[in-house]
Structures are given as structure tokens and as C-alpha cells.
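These notes open a run of structures that come right after.
Here chain A shows up in two complexes: once beside chain B, once beside chain C.
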Partner chain A sequence: MMLSVRNLNTYYGAIYALKGIDIDVDKGEIVSLIGSNGAGKTTLLNTISGVVKSSKGQVTFKDRDITNISPYQLTKMGVGISPEGREVFPELTVEENLRIGAYIVNDKEKIRSGYDRVYELFPRLKERTKQQAGTLSGGEQQMLAVGRALMSDPEILLLDEPSLGLAPNYVTLIFDMIKEINKQGVTILLIEQNANMALASSDRAYVIENGLVSMSGDAKDIANDPRVKKAYLGLG
Partner chain B sequence: MLIQQVFNGLALGMGYALIAVGYSLVFGILRLVNFSHGAIYAFGAEMAMLTISLKFGVLPGILAAMILTGVLGIVIDKVALEPLRKKKSPQIASLITTIGISNIITNLLIVFIGSEKRNFQPIFSQTTVTIGNISISMTQIMMCIVSLLLMSVLMIIVFKTKIGLAMRACEQNPKAANMMGINVNFVISFTFFLAGISATIAGALVSGYYQIVYPNMGFMAGLKAFAAAVLGGIGSLPGALLGGLIVGVSESMAATFLGSTYRDSLAFIILIMVLIIRPHGLFGRKGITKV
Partner chain C sequence: MKGKNTLLHQYELFVDHNKLILAIILAVIILLFPFVIGSQYLLTVSVKIGSYVILAMGLNILTGYTGLVSLGHAGFVAIGAYTTSLLTVRYNVNFFIALLAGITLAGIVGILLGMPTLRVSGTYLSIITLGFGEIIKMIAMNWNAVTNGTLGIKNIPKPSIGGFSFTVSNYGLYYLMIFFVIVVSCFCLALVRSKTGRALMAIRTDELAATMMGINVTRYKILAFSLSAIFCALGGGLYATLIGYIDPNTFNFDVSTMILSIVILGGMGTLRGMFIGAIILIALPEVSRFLMEYRFVLYGVILVVMMRFRPQGILGWRSTMPFKLSKHVQNELNDTDLIHQTHVGELAYE
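The block that comes next holds the complex of A and B.
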């Protein structure tokens, strides 16, 4: 397993947000976590990335214990993060934002090819290299957040709500790019409220409810489950 | 007379500007007014006095004092401020901590060095250049040159280097910077180090100018430099420079034309007037508190 989460427990302030979660992500997969608002999806991602500390349980990445590690150390190990709400640096240019994404990379050649890769995936960003990130549209900021996370050449990408608040054409584009990035060999753990798109793009999925995994399996099977159809896909 | 006072004020203002950048750098990254910065400035001047008296030469002495004071800045952050950040304490806790630290540093200086005013040897040659009826001392010219040089170096660090890019990223979004592999606490330490270095250079220049040094010298100078930083737009380096010069010139004017009793208040009158018209200062950005 590339990423394993075992019996993870996290308090978010006074709220018992994760009540013993187990998930696995294998190399090369796209795995999505779906669930309603407040189910604990973002807390799970924040606990994996060390932004929030867990009270119990373990997270391992390539057999190394990374429980409660500092986020900045995680980047060096090969984990890229595109956080909820995009969190770009508003007063830095697009290019500077990407340069920050490659902060841990010292090889000039590698940084160069990082820019090329991101600009190839998102040509829109190339047109805006000298523009301040705060002046970009929501969709462009989302591209930048994903591109920035790719600059460190990660083995796994953690994506938190990449489609949130985007126009439908951007949603399709972002999901196409996620599949493309996966084809380039990057494992992906995706958190989404847009269960339709997430399940259609993923290999496997976990349904998170009230801080617990309520269902897991192949994305296709999950998408066909009557309970999921009713609760998350607006069908049935 | 007027032009003479403008020159005197500019030289003094450079000193304020160098202290003001310390407030601006730390405020930029922590959104915190570091009220211990005036005491750090006094510490830098006292250390320069000590290290120069060791007779290794003026320049090595000041360099040693810069490093000592820079390290003091890092220690203040590591011992007193970083633990507060870890506990996500309210900003007011950090603010009162910096005021406490200010008093502790001043107190320790008095205990170990003594509270009396001591003679600080001139750093530059005592010659003066006379043009018409204006005379400018070598010290004043050198104060301007050294300050502008240091300002340029700081601007290059912040806008042209990798660590500077990290400083700006941490300033705008420390959480995201952390996720991108930036050790935010290291960047904060580096910022405190830069602030300490600038304060020491300011301390050595101003002490060399007045030829006097004492532990409480940072109190009024620190407040005026803080006023200069706010006047120019706190967080902005060019703002700190302009603010420092305005404070320096106004002080020099007030002392000459209104009498030395008005020396300390004119700078603050100007500050208040500017803030009423431009609440974010001359170079301040509106969005700065939003990010």
C-alpha cells in the first residue's frame, strides 16, 4: 500500500470528527472520499497531511510512519497537497506560486520541467504567468492550486474539493486533468462533494459518514448502490 | 538654515528607517507589532559598543554585534513567541509578550552594563563638507549611504531570492506555505534575524552620530520608528524608508523652528494626520489584513 490510514481518531476543537477511520490507497489508483458536508472528509485529509493532529491511530506512507508529521516535511517525502479553498498566494504571480510549489526542489532542470508539465496541462496558466493569483477566476485558481502541488513532482496528490464553486465546464476540465495526471503515474486521493463526478473518475471510493467509513469498494459498485444513489447522487 | 535642517533630518531619518524596517518585516510575516524591537535596537547599539571596545576594529566589531543581535531576535521568537503560536493564542498575548520582552532586555542591559549614558566613539571620520552655508558631516553622508545600501540589500533579499519568496508566501498564507514544504518557523527566525541585523546597524549609526549610548535609548527611538513604519504603510520596505525620513526631517525641523520641547510630538502629529487621510499609510496595501 502506498498510503494507509488505520483507526484514525481526531478531535476538531471539541468536536469528535474522526472516530476510527481505515483507508488504503494503492500505487497508481484514483481513490475518492465522498460524503456530505461535515462528515469529516476534510478533517481526514488535514489529519493525513499533519495540519490537524490525530489523538489515536496511524498514517503510513510507503511503509513509513507519517502520523502527525509537519506538513512541510511531507512534501519532501513525495506528497503533494491541493488544499480546500485553493489557498493560492494572492499577491504572488502565477509563476511565483508555482515556484513556491517547487520550493523543496533544488535542481533547476527539474523546476523547468515542472513548469512545462503544468503549463501543458493548464495552458490557461501559461497565458497568465505574470498575473497576480488573486486576480484569477475561481477555476483558474483551482488549476493553479493543482499545478502548484504538482511542482514538487509528488508520487501522490491529495486533492480537497477541487470542483467546489466552479462553473460546470471547469468541473469537467479539472476532472479530465486529474485523470491525465493519474495517467502520468501520480496516485490520487480525492475528496469531493460532487459524488457523481468523483465516482465516475475514480477506481475506488470510500463513503464517509459521521466520522466513520460507512461503505467502501469499487467506484462503479458504490455509484450503483441504492443508498448512495439516494443520499449522494440525487437519484432514486 | 532650512536646507541644513533638512539634511540633518534626512541623516537621522535613515536611522529611523532602519529601525522601522524591523517592525515592518516582523509585522509582515506575523501580523504582530514587535514592541521589543526598540530594546533590540538598544541591545544592538550596546553590543556594538562592547565589541568595538575589544579592539578588533570597528567593522568586525559591528559585524559581531549584528550577529549577536540577530540571534537575540531568533531567541526571543523561539522562547516566547513560537510557543504562543503553537497554542494558537490570541494576538494580544503575543503583543503583551513583546512589551514584556522589551522591559526584560532593557533591564538586563542595565544590570550587566549599567544605566548611565556612555560615550560611543565616532565610526566615521569627523570631517565636514561645506557647500555654501550648509555643512554636512562625513557621518551624515555615511549614514545615508550605509542605510540606502542596507535597504537595497533587504529589498533584493525579499524580492529576488528564494528565501524572500518564502517570506512573502508565509506573509500571505502561512498554512499553504507550510503545505508547500516551507518550514514556516525557519522563515520567521530568518525574519527576526534580519530585523536584528538592521536594528544593530541603525544602533551603531545613530550612536556614532550622537556619540552616546544607553540602555533606554530604544524606547523613544523605537516608538518613533514604529510611527515611521505605520506612516509609510507597515509591511512595506519603501514605506519604512519614506516614513523614517519624514519622521527624521520633521523632528529636526521641530527642534529648530519650534524649540526642542516639540521634538518628540511633531512626528506623531504628522502620523495622525496622515492616517486620517490614508488609513493604511503612504505605501500601505488595503488588502493586507485580509489574507
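The block that comes next holds the complex of A and C.
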């Protein structure tokens, strides 16, 4: 098991946000977490990445306990994170953003091949290397955020709402890229409100409701579940 | 394209085309300045400007690049000035060794102060640094045995190497100051373009995202704090030897705000801005002496007008020059027809 979460509990002050969540991600999978606003999806990701501390439970990555680790140490272990709302560095250029993504990499050759990999995935970024990231369109910024997370050559990529606020053609593009990145051998944990797209692109999925996993299994099965169809897919 | 014909763009174009000539002219002016001017008073002001350029460069690392506002950097200036002066006056230590001791001490104090305080940010940090500045001033005022209290330290000798004394009258101090300003500028330039510099700017823009990239935010904040303390101590040591007399009031809150004003007026997060900021804010009270006590009103008006019309600072602009692709990208663009390389490219071009 690459990443596993056991009985994770998290409080935001007095608010009980995660009430004992269990999640497993296997090597090479795309796993998505779907759920409505306030269900605890982002909290889960923030707790896994150590931004928010859990009160109970355990997170392990490749059999190493990473519960409540400092976020900056996580990158070194091979976990790439693309936070919610893109969070690129707007005053820095595209190239500088990518360079910061490769912060933990010291090998020049490896940084170079990281650039090539990102530019091959997102040719759009290549022409904008010297442009300030803040002047990119939303879709381009999202490409940059994903590309930046790839620069550290992670084994697993945690993506928080990559389709948030994007034009439909960019949403398709980003999901295609996620599948492409997965084919290159990167395991992906995807958090999405766009349940349609997420379920269509993943192997497995978890539905999160009120801080608990309410349903889990094959993405296709979940997409066909009548309750999910009604609540998340706008069908039925 | 917007901005093509603006004054700024034309200026940048002009500078870009005549880079070498302008640099030579500037270097000649700076090097020959003492011989042409010859006035002791003007030279003293120039050296003072130099020391403030160093102080501003120091604070700029912290405020301009890392985004942490300190209101107590006079404390570090004081540490540098007192250590340097006391060692030279009382123990006849060579100025340069004393200066090294001063900046080392300031660096250590910077780390010690940074470790507990940099976990807070924003206004809280500013208040803590404000307190720090006052504490250092109080120590200087009350620790009579060492600092000579409110009487201060008199007759601080000028720096000397092998019998040659760097004074204002033999222009030595002027050139010494230029040397230090160049060293500090080069260091800052290298820092900004390094991995460390990028990490600092990432922290300024978005701490959380920086952490996610694997940057140890607290460590880099402490580093920035310590580096800025070191440069401020360097500026302080040089300032003390220039003036020849220091007392606790030399390092009051006004000095902290003065350094911060230079950084803001010149343009936070730029190096060129530190020069123009220091020149304006240090020279202004001197050249406007005829206005008597009203000159500080003028000073305030300038700051207010600045904040209204040019909040990014006088030299705080991003280049308007069209961006150039890096060489290896350019070559590849020529080699391959990127647009039709993948379906992603096509979609993005629609």
C-alpha cells in the first residue's frame, strides 16, 4: 500500500471535521475523493500533508508513519502536492515557479529533465517561461501548479480541486493530463467536486460525507450507484 | 501591445542599448566624485548615504524579499556600532576585526531572536521587533560599565590598515564605503538569483505553497533575519567610525523607521531602489537645511505623496521589456512545430 490513512480524526477548534476516515491508495492508481462542500475533503488532504494536525489516527506512506509530519518534509519523501486554489507564485515567472517546485532537487540534469517533462505535458507553459505566473489564465495557472508539483519527481501526487473555476475545455485537458501523468508511473490522489469527471478518470473512489467515508469502491460502480447519481452527478 | 510607447519603456530601451557606456560613465562619476567636489561636508553626507544603502539592503532581504516587516533594526545597527566602537576604543583592536566581531554578534543575536519570534508573522512580528529595538537601546543606556551609558562613546578611531588611515579628508573612508557597498550589493544580487533567494520570495508570496514545495519556512525566515541583522551591523559599524561618536539615542526608533522608509520609498524587493531611497532620504534633510524646522514637513509630504502615486516605490517596477525565451527553449521552438505536437497544444491554441 502506497498511502494509507487509518481512523483519522481532525478538529478545527471545536469543529469535528474528520470523524475517523480510512483510505488506501495503491501504487499506480488514480483514486478520487468526492463529496460536497464542507464534507472534509480538503481537511483530509491538509491533514495528510501535515498542514492541519490530527488528534487521532495514523497516516502511513510506503510503510513509514507520516502522521503530523511537517509539510516540507513530505516533499522530500516523494509526495507532490498541488494545493487548493492553485496557489502559484504570481510575482515569479513560470520558470521560477517550476524551479521552486524542484526546490528539493539538487541535480541540475534532473531539474532539466523535469522542465522537459512539464513542457512536454503542457506545451503552453513552454512559450510562457519568462512570463509572470499571475498574468496567466486560470487554466494555465492550474497547469503550472500541477507542473510545479511534478518538478520534485514525486511518486504520488495529491491534487486538490484541479478543475476549480476552469473553463470546460481546460477541465477536459487537465483530466487528460492527470491520466497521462498517471501513465508515467505517478500514483494520484484526486480531490474533486466535479464528480462526473473525477469518476470517469479514476480507478477507485471514496465518497466523503460529514467527515466520514460513506461509500467506497470501483469508480465505475460508484458512478452507477443510484444515490451517487442523484446526489453528485445530477442524474436520476 | 500596451506599454510600448510609455516613458518607462523608452527609458528601459535606452538603458538596455547603452548599458556599457552608462555603466562606465556612472563608475567614473562615482570614482572621481571626491576630487571634483572636495568638500568635506558633502563627502561626509555621501559616506552616510553609503552606510544607509547597506542598512537598507540588509532590511530589504527581510522586508523586500521575505515579506517580514521589522521595526527594530536599529537594534542590530546598535549592536554592530557598539561592538565595533568598544573593541577599537577600549582594546585597540583593528577596526576590521572589530567590525567582523560586530557583525558576527549581530548575526547570532538575529538567530536567537528569530528562533522564537518567526513563528508569528505580520503585525505581531513587527511589534516584537519594535520591542527588541527598544530593549537594545535600554541596554546601551543603562549598562554603564560597558557602554558608558547615556554619555556614549567618544573619539571612535577611523579604520586603518598598516598605518594608512581611512579618513574623510584623504578620501579613504569614501572609497572604503564604496568597496563595502559593492560587496553587499554583489552578495544581495547573488542571493536573489540563488535557490535561497527563490525560496525567500516563495515564502513572501505564499507561505503554505512554499512549504508544499519542500521549503523549510521557519529556517529560511531565520536565515533572512540573521542576514539582514549582519548587514545592518556592518552599516552600523561603518556609521560609527564615520561620525566618531555614538550614544544610545543614535539608535532610536527613528533609525528603524528611516531604514524602512528607504526600503519602501526606493522599492521593496529591488536592489536599485535602495540606492535612490537612501540618496533621497539622507540627502534631503541636508540639502533642505534652509527650510529650518519645516524640512521634516517636506520629508513627510514626500512620503505621503509617494504612497498615493507610486506605492510600489520609486524604482519598484518590473521590466516592461518583451520577455526573452531562454536559449534552449528558443532552439527547440525552432526545431519543432510545437503547435501541432500534441492535442493539448492544439486545444490551448484555440
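One rule holds for everything that comes next: the second predicted complex is superposed on the first by the 236 of 236 C-alpha atoms of A that agree within 3 Å, B and C clash if a C-alpha of one lies under 4 Å from a C-alpha of the other, contacts with A are read in each partner's own complex, and residues count from 1 in each chain.
By definition in this document, a residue touches a chain if its C-beta (ideal position, glycine included) is under 8 Å from a C-beta of that chain, and two chains touch if they have at least 3 such contacts.
Values in this document were obtained by computation on a predicted structure and should not be read as measured data.
After superposition on chain A, the partners chain B and chain C collide with one another.
Of the two partner chains placed by superposition, chain B and chain C are both touched by A:49. Counting the residues of chain A touched by each of chain B and chain C gives the higher count for C.
In the superposition on chain A, contact is made by A:100 with both chain B and chain C.
Of the two partner chains placed by the overlay, neither chain B nor chain C lies in contact with A:225.
Once the two complexes are laid over each other on the shared chain, residue contacts for A:24 go to neither chain B nor chain C. Of the two partner chains, neither chain B nor chain C is touched by A:209. Of 2-10, 272-280 or 326-334, the segment of chain C whose C-alpha atoms clash with chain B in the superposed model is 272-280.
Shared contact residues of chain A, touching chain B in one structure and chain C in the other: 49, 51, 70-72, 74-76, 81, 83, 87-92, 96, 99-101, 103-104, 148, 152. Only residues 49, 51, 70-72, 74-76, 81, 83, 87-92, 96, 99-101, 103-104, 134, 148, 152 of chain A touch chain B when the two sit together in their complex.
Per the touch definition, chain C reaches chain A in the complex via residues 195, 198-199, 201-202, 205-206, 208-217, 318, 323-326, 329, 332-333, 338, 341-345, 347-348, 350. Residues 162, 165-166, 168-169, 172-173, 175-184, 285, 287, 291 of chain B are the ones that touch chain A when the two sit in their complex.
Chain A meets chain C in the complex at residues 49, 51, 70-76, 81-83, 87-93, 95-96, 99-101, 103-104, 119-124, 126-127, 129-132, 148-149, 152, 169, 172-173, 176-177.
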